[in-house]
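I've put the structures underneath this note.
Presented sequentially are two complexes of subunit A, the first with subunit B as partner and the second with subunit C.
So, the complex of A and B:
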């Protein structure tokens, strides 16, 4: 067998295949004896469960919000960092730090900032903000915002560095020509920079997509594992690892597959082949 | 249609003084070529005209407007880049229309201009393609077309042919020249290739280390180089140089070095006399060295040994040693010589060049 085939079968096909199989059974640590085949029962149950739809909605909203912000902030930072200026290296370092620094440490700062465990006037004020926010948008809204902010804070810097690498890989003549022909920087950004960055943006969206849907770490670290607001990833984890309900957990996480495939198709069309860049 | 005037133009980066006191008057409809080795400041000069580089000191005027503080888009110039700078995500049509679209030209006008330019360049069939589907020559044509549609006052070319293979380069060179005859637009063209410079330029500006070395018509540069650098840069194979002593005897000025003793032509004696007893650099074009015949007097011949023969078809290049210098002679294709055997060569002493040893200026 070709090495690539071994890799695909071992790393991708086997675990996915196993998960698909598990999702079609009643496999659970709570049952005695071997799991029995139940067909699509787990999926049908999922469809009837309002909690699932809620979690799906939250997950999609989480994805849209964080991705939008990460792209906007990341692109702005990348463009700002593209030109030479004094102290560029320092700024570059500062931009890269949130992503490079261990999340488990930085999350403490966020936790203290948003939900201070000490009794200070700041803590009281933040508590007030939290209650007001939750009162306005529903319980869990503040937690949702916290996790989203943390994700954006960490992810935007990564997106920026990623897009900056993309910008630097493009021939400078393309931007020189744009300077000769466009009326202002904004027009140049819309007509030239953004389209040229398209493949990199598509990849950034895809990376953001996967973190949003599989983002357990950020949610877990900020909420301490409590399901303050449901995201499919945490739900599946909770069910599978904590409760031993493997079959339901598998069905839940596999329910994301159609979404992922759709996103991949759209993004790869958008990505267009790198061949296009040969000129 | 416009002239371009550069006055005491300077460009300084933190450490590097890239362009030094350039004064240049590009006449209306003229095709002027800036040529020189890399780092000579030619591209920086062009980019200052375009507005892509800020001017450190001095002044540039296009037409009758000083453009120092004008943004590039308002300078009424169009530039063609070495790597074509075509947008990969746009079709050829959109690439050519880009500048006009950004300037909010009416659609019908854009269509007409693009089609006209495409016709001139013979790329009508390519308008719907993407740049990646084009050959290097076709991309170059699109890049030129993109400049033509703008109907600018001045064309700026930054080494536009450097990425093409040799054959295509020669072909595009001719096309560019034809195009210029047709459009009659002032053009400033930057290249490191002296052949391109000589064939394209109405006038050629030779630059080195940020300084203009000489400005002149191609044959003027070739025939009367103002210094040793220009003499060596223009012409291929390059001019031969050898350091010689100057002496006077029997009413004539003599040029001497080991294995070589030539009588200076009468019209050079006055200029050489002040160098009596000193050394100067002698420059000899390869075509001014030939096989000696019986009628050649000893005061214009020398003995040598041919080390390498390069038969080019239309001519033969002979690499030979004289004194401690290596020399190249360009001789008729019918000449047959044997390597490593003594041979007698003659020099066309009417066409020798002399340069001051220190200042390198032509004597």
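So, the complex of A and C:
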């Protein structure tokens, strides 16, 4: 117990504390002298800033879109893989690989597919698609789509394998019984499989939130800041690292924490039910 | 028939980006510019062999190619991965056993607290994190990455391992104790081997976490000879568009992906074992 706590909390406690404290000051490399305490001013300033609300909207949209797709695709693949059939092992490996293959490679793969380097033979074609898409949905939509697709592709693989393990953990008698009680496969899925999978779905949702962040950072770094869209994470990075306005950056990146904590509290009820305390 | 088509679709969807990037990495510059993006007519391993010739700076045409000490990078990646695995698994097993089996007061909340560290946004956290690393004297060393990766992978590993230990019948250890084994022996000889699959699951999750990171590696390792493959190749962000980079990360990924494929079955079994009787 102790080593893990010391490791995780010890490594994270100071940075988190620093970030919270800095968000309450006017710390910036642009100002002389020691930072002074300004209370919640940074947060209040955020509320008045249209860019912040735009970024927040995009971030939430990104979370909802990627998580929804991951769950849908992941569940579909898990259910498809649950029954026995010829070649199941091979299909399973295929489903497993997007997650198992190191993300630093596959992110390059997606980058090459959707935003190819100018020299490649298909760059013009993809450029055309990109412009058409951006024209339809506004500038930056294609970048949004490419990051979201990468995140979904990799995350759905994890979700599928995770849910497949969950399906395996359920007693088979339940499904035999359900077969007698329900009219068709779809009804069986909605009434039996989905509720039983709920704890695992909840855990998958939460992990999806956290990887959505990490992938974003990867894409940002990998493309040398070329694929940018205004989410809170990249805005904060830009302000903090490029501009030295650490206080504003910290406030910005912390502004999501209440949302995530709320999500976590709700999800804990599902995947860590308190009633089985006397296990 | 319908099912076969569905399976083929799933496999194609999962494998296409990996196939795609492998095809690109086998291309000669001519074919990169004029060939089809979907297949390679004249495969060459030029990009791969070039990786091993780049230990010294050398000119090509009018440009000086950056140093690519690829073998060093491979060794560093392996080192960081092995270190992260060792630290994560050791700490996770101890913590999980303490939480799931010994169940000290409030253990459920400790476990939740550990898991809640996932809400901390990593975006600008690395600024204070860097201060911690310098304080620990781990600046520009692999220890820094081992430490950080471990904190990222630990919560999930503790979660699944403790869920498994929590449901493991106590009689197993009691029987060992009656046979005259000390608690430590009972744990090492009986409980640990029983949880092998769960350990595999935890280990693969760690591998996935480490393999996906790109940002932290390039931030914390500055010395070119100390970098990992992802950091080293990514830092030259312009050359991200070069086929050599693609070849490099792909080459490093193959052993990882192969290991994952070997252990894939254990991974699912381990997750299932952790999930039986509720998450």
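Note that in this section the second predicted complex is superposed on the first by the 238 of 279 C-alpha atoms of A that agree within 3 Å, B and C clash if a C-alpha of one lies under 4 Å from a C-alpha of the other, contacts with A are read in each partner's own complex, and residues count from 1 in each chain.
We take it that a residue touches a chain if its C-beta (ideal position, glycine included) is under 8 Å from a C-beta of that chain, and two chains touch if they have at least 3 such contacts.
The model shown is predicted, which means the values in this text are computed figures rather than measured ones.
Applying the stated contact rule after C-alpha superposition, one finds that A:195 touches subunit B and leaves subunit C untouched. Of the two partners subunit B and subunit C, it is C that touches the larger number of subunit A residues. When the two complexes are overlaid on their common chain A, residue A:107 makes contact with subunit C while staying clear of subunit B. Residue contacts after overlaying the shared chain place A:173 against subunit B, while subunit C stays out of touching range. Shared contact residues on subunit A (touching subunit B in one structure, subunit C in the other): 272, 276-277, 279. The part of subunit A that touches subunit C in the complex is made up of residues 1-5, 7-9, 11-12, 14-19, 77, 80, 85, 87, 90-113, 116-117, 119-122, 153-154, 157-158, 161-162, 164-166, 168-169, 199-200, 203, 206-207, 209-211, 213-215, 217-218, 220-224, 232-234, 236-237, 240-241, 246, 249-250, 253-254, 256-257, 260-261, 264, 268, 271-274, 276-277, 279. The touching residues of subunit B, counted against subunit A in their complex, run 50-52, 72-73, 77-79, 81-89, 98-99, 102-103, 130-132, 134, 139. Residue ranges of subunit A in contact with subunit B, taken from their complex: 171, 173-174, 176-177, 179-183, 187, 191-192, 195-196, 198, 272, 275-279.
Residues 3, 6-7, 10-11, 13-15, 17-18, 20-21, 24, 32-37, 87, 90-92, 94-95, 98-99, 104, 108, 110-125, 127-129, 131-132, 147-148, 150-151, 154-156, 158, 166-167, 204, 207-208, 211-215, 218, 229-230, 234, 237-238, 240-241, 245-246, 249-250, 252-253, 256-257, 260-261, 264, 267-272, 275-276, 278-279 of subunit C are the ones touching subunit A in the complex.
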